[in-house]
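This is the structure I have questions about; it appears just below.
Chain nomenclature is as follows: A, B, C and D, assigned in order of appearance, with residue numbering initiated at 1 for each chain independently.
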Amino acid sequence: MESNRPRYCLGLLIMFMVVFSLGIERTANDYILAIVSFTGINIILAVSLNVTNGFAGLFSLGHPAFMAIGGYTTALLTFSMEKKPLFLPDLPQWLIPVHLPFFPALLVGGCFAALVAQIVGISVLRLKGHYLAVATMGFLIIVQVLLNNANSITRGPLGLNGLEEFTNVSWVAGWVVVTIYTCWKIKFSSLGRSMLAVKEDSMAANSLGVDLFYTRNFALTVGAFFAGVAGGLWGHLITAVTPGSFSLIMSFNIIVMVVVGGTGSITGSVTAAIIFTLAIECFRPLEENFGIYGVGEIVISLVLILILIFKPSGMFGTGEPKFVTGKYKQLSPTNGK
Amino acid sequence: MKKCFITIGLFFMSLPLATPCFSAEPIKIGALYSLTGGMSSIDTPSLRGAELAVKIINKNGGLLDGRMIELISVDAKTDQKAAAIGAKKLLSNGVIAGIGHSDPSFVLPSAPLFQKKGIPFVTSGATLPTLPMMIGDCLFMVPFGDDDQSFAIADYSFKSLGVKNVAIWTDNSMDFTKTLSKFYKQRMTELGAKIVLEDFFMMGDKDFSAQIARLKNVSPQPDAVFISSIPNEAGLTTKQLRENGLTLPIVSGDGFDTELIVTVPGKELANDVYFSTHTYRADPRPEVIQFIADYEKEYGVPPENAFAPLGYDAIALIADAITRAGSATPKALKESLAKTMGFKAVTGEISYTRPSRVPVKGVSIISVKKGEYNVEEIWFPTTK
Amino acid sequence: MTHKKHLLHVVDLVKRFGGLVAVSDYSLTLEQGELVGLIGPNGAGKTTVFNLLSGVLKSSSGNFFFNSQNITKFSPAQTARVGIARTFQNIRLFEDLSVLDNIKVAFHMHHGKGFLNTIFHTKKFRQTEKEITQKAMEFAELMNLTELIHEPAKKLPYGDQRRVEIARALATNPKLLLLDEPAAGMNPQETAELMRTIKEIHAKQDMTILIVEHDMRLVMNLCQRLQVLNQGQLLAQGTPEEIQNSPEVIKAYLGSPKENPHAIC
Amino acid sequence: MDFGYIAQQLANGLILGSMYALVAIGFSMIYGIVRLINFAHGDIVMIGAFTTLVLMETAGLPFPLVAFFVLLTGCGMGILIERISFRPMRGAPQVTGFIASLGISIMLQNLGILTLSAQPRNFSFPSYMQRILNLGPVSFRVVDVVIILTAFFLMVALIFLVQKTKLGIAMRATAENIDVARLMGIDINKTIMATFAIGSGLAAIAGLMWGGKFGQIDPLMGYVPGLKSFVAAVIGGVGSIPGAILGAFILGLSEVLFVGLLPPIYSSYRDAFVFGVLIIILIAMPNGLLGKDIGDKA
């Protein structure tokens, strides 16, 4: 039915990622590598938030909370056994011998975030629009407060540090591919269609037999899983997690990427995540040379507002651009009406 | 639009790459401070202090037969991610040392990266005493540890102010303030004082009426209240306590070392406040007077808080170590820094003689009476 | 159970909004394969009846049974699952989705959620998707939409949007189809076409249809049986001829001289 | 815990609540008309505070005149922001405006840091505003009374404005249905601009009061009032002016009482508690306490 173009694109993406990550890890310096890794993590975050916010239309501000849950879980699971008694003397007994390698730890982190999302979903998914936004923001703040106060496990405001630097460009690239692939598959499937339908008109979708709660909760959970994984990658990239890192500001930043890219468009989220991460870094030399710190943020905000004025649906709208999807083979070129 | 972005992006990306590395002429030092976001009110003065030090050193002919210091400053944006990226940026720029940060939460993601490369990192403001242990032999602290400043003010409040019952207010959102309270509590209990009330608030709080009402109702009434906060809440707590008719002494650590405790409540109400801090405020030593004069001349305002001289000292300390080592390689610098003995910094003499490598420095006890700052005594750590 | 033979059996349905009684003691019995019209002046409560039957609103009292199952408290999704599909008076399409995707959404409930199948792109998944597309195309063809399937729904003219909505409702494979003013906003030619299609659906698929409509010509020509609602109450029911000659009905319609056949009620 | 203690806590909660109310009224008003969550509202509070500082300290103007100019500045900022950024976005999805307001907020904050420096400034009201009053066991300051009275006065004035004046009728019509209002000959642009002017003017006045009450201002001070007014408005039901005030008082009271009545160690859980309550209120009453259903496609 549909064109093979997406499959080629996926193949190209994987090939590009392999070549790119191998190439850059050999040639670039740490700074470039860090930016590339953060770009990748931002792609994961934006694409996965797009499932929640873009496909299902749930205006969630809680993405960093899921990141924090995934990040802390992964960090505790991979924490070096020698350092544990020194850094975390009050750790509950049962947690002391628990140790996992990086990959399973990431999965556990993601799954735990997804599990929490299920529970949160049960309580807040009845809310709509801005009310949901406030409730998820509340969830984020509650998670922050709990992390801040659960000293024995999280070391409070200081956070967990001294994590192994597991995350590198290859890890991130791998997860970027997995995220994009999964979200793409969801979008172009029965599940994704029902999410989009729920976003467009929940009552009509419901009348067509779409289970609103299941669909919304599923969208939240998928988003949370990848946010959790991204949190794990994030923590092992900067080797520390603290409650303050997973803030409302971060939530705003991810939402900006989703909106600028086009709510619902995976290609858009990827592009916007790349542009935003790089743009912020690009302003650094300017700020440093002239001592005008904060100018980068001002310019980016201005550009953001201009984009919203002149292209309110974002760069790609809800859809995916033609160069990725290809033309529908069956479509007879009709220009009727 | 997109193309435009990418073009601009590539242009700026290429800037740091394109700058050719001059043949080791200037000595590059990296500075990591949060110049935007919540920490900026604390970190910006530090950077200004550091820049002042660099300017003075370069004006006097630089180091090692005329090599200039080049201070590369990166904004950590009150964000750990930016702190880590910033550290990597500095390291890939070939700095021989890094300075910065006034809070351990930001030292922790950036300093280990320096440690890994064997490049020394001098934190100008983070006072967590376990930092050198957590990061390694490349981390050096300019300030004293929180244990010292807490012990100092505890000793003073017990012995000189005669405080037998004390209330403790802690900003529970920061590690610095929690640590400060922990050590104060420890010392006061050792001395035999009683903690009659422990209360908490969060950074960014503006209204302390609930805490004040509780303080008024506690029995027995405390002889003093210890407020562990950063400068942003120092003036507010003082003002609100005094306005509510509480005249008991307020004691604190270097978070209270700010003009705000006088300007916010006004001179009348800024009374009976005591805090321990870096020995520079109201201190007659020549290096302090010189620093304040230079700072005022450069920026038109007196140093905003104690973090300004600390930033200045971080550079001065490195410069001293480079001069002593006669070389500007990271390895030599690290060894030379570790051997620092009796370096006369603005904020007190620095010697790394302790096994913990937290400097043994004098701690000033400052009193504020009707808006006037006075040095009450200089406290020295007794142990080790 | 006395409702055994009936497809839909509504008993004394009441809906109150605050103090206002929108529908009172409404009853209806539908047999398999009937085509029944529900008419009445503006504000008579016709759409409220539809909203109750499709689970969008919850009844204040009364019950209704579908294939002798009590579905009074079912959600819209559950109602759709047992086999009741509906269209909306003010068209509710998924505007940003293409016509084809609009129809495809209706298959969701029959093909399960299959998350793992979706992710791993299994053979079963591909087969299902293929089937869905094929069937959706069939329904598009039925409603004469083949040429428009890749257009976003919002770009379609009014009449086409109505037809997409009907196609979408049919795609849920219902036993009972509720059509809420399907001809509203259509020109006479479109209406005639629609009438033909409804007849076709009714005949070919042995579909039971309940229709709310203002266009009297359409209703009289199409329906075997009519119910008249007035101020929430059942005024009369019978064959089109009986209704046309009923004095109560004439009074009710004449009693509201400002009647506008296309107004929103 | 005696009566006096509880009375004092209640009074503190009310004072804090009226502080939040001042900000939340304008916030809720703008939301009611254009369905925009305006995060830049908090930063207008900051601008109001700094304008006051400049006018009082450098220009040395008398206090009532200062208040007047601050009000004007706020109105001007509101009109400017509406004209430049929100008007071109009208008709776009709601999220768009929300994101844009975040952009404006970040911009204003960073501009503030760049031009004013991040250092907190002290800010003092004339001394007669600082006098302490005692009412039985409860003590408060003149400025607290002024704040409560201002909040109350503004609420009454706004309700009068919305219910009785021509502008108010235009506002309500616009809030109800923008297209119908346009058809009825209402100048939508003017109405929305007036709403922004009034809402932002109130925010600037709130900034003056905020500075006067707490005595310290900085470029990032707008974040907390912005967030709190958002929460207060949502609790009360966004778009409803009495709702915003009710929400603000509930927020202020619950914050103070949570800290004041529970053992101190719970203080650091305050925000979790406040937001927990918020979520429970929303789940029980999905449109806030006094709000209307905002429709399916919110």
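The definition used in the following text is that a residue touches a chain if its C-beta (ideal position, glycine included) is under 8 Å from a C-beta of that chain, and two chains touch if they have at least 3 such contacts.
Predicted, not measured: the structure shown is a model, and the values here were computed from it.
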**Q.** Chain nearest the global centroid, as defined over all protein CA atoms shown
**A.** A
Q.
Quick check for the class: compute each chain's Cα centroid; which one is farthest from the centroid of subunit B?
A. C
Q. Roughly how many whole angstrom separate the Cα centroids of subunit B and subunit D?
A. 35
Q. Taking each chain's centre as the mean position of its Cα atoms, how many Å separate subunit A from subunit D?
A. 32
Q. So how far apart, in whole Å, are subunit B and subunit C when each is placed at the average of its C-alpha atoms?
A. 72
Q: Two or more other chains in contact with one residue: find those residues in subunit A.
A: 148-149, 201, 203, 293-294, 297
(Q) Which positions in subunit B are in touch with at least two other chains? (A) 35-36, 40, 172-173
Q) Out of subunit D, which residues touch more than one other chain, so two or more? A) 110, 113, 268, 271
Q: May I ask you to sort the chain touch graph into line, ring, star, complete or other?
A: other
Q. Which of the chains are touching one another, listed as pairs?
A. A-B, A-C, A-D, B-D
Q: Over in the complex, which subunit B residues touch subunit D? Could you list them?
A: 35-38, 40-41, 44, 172-173, 197-202, 204, 206-207, 209-211, 213-214, 216-217, 231-232, 235-236, 239, 243-245, 260, 263-266, 304
**Q.** Residue numbers on subunit C that touch subunit A, as the complex places them
**A.** 54-56, 75-77, 79-81, 85-86, 88, 92-97, 101-102, 104-111, 113-115, 118-119, 121, 125, 128-130, 132-133, 147-150, 157, 168-169, 172
**Q.** List of subunit B residues in touch with subunit A within their complex
**A.** 1-2, 5-6, 8-9, 11-13, 15-16, 35-36, 40, 72-75, 79-81, 83-85, 88-89, 91-93, 104-105, 108-109, 112-113, 128, 134, 172-175, 178
(Q) If we count contacts the way the header does, which residues on subunit A are in touch with subunit C in the complex? (A) 1, 182, 185-186, 189-191, 193-194, 196-197, 200-201, 203-212, 214, 218, 264, 317-318, 328, 331-332, 334, 336-337
Q | subunit A - residues contacting subunit D, complex | A | 59, 123-124, 126-131, 133-135, 137-139, 141-142, 144-146, 148-149, 201-203, 248, 252, 255-256, 259, 263, 292-295, 297-298, 301-302, 304-305, 308-309, 312-313
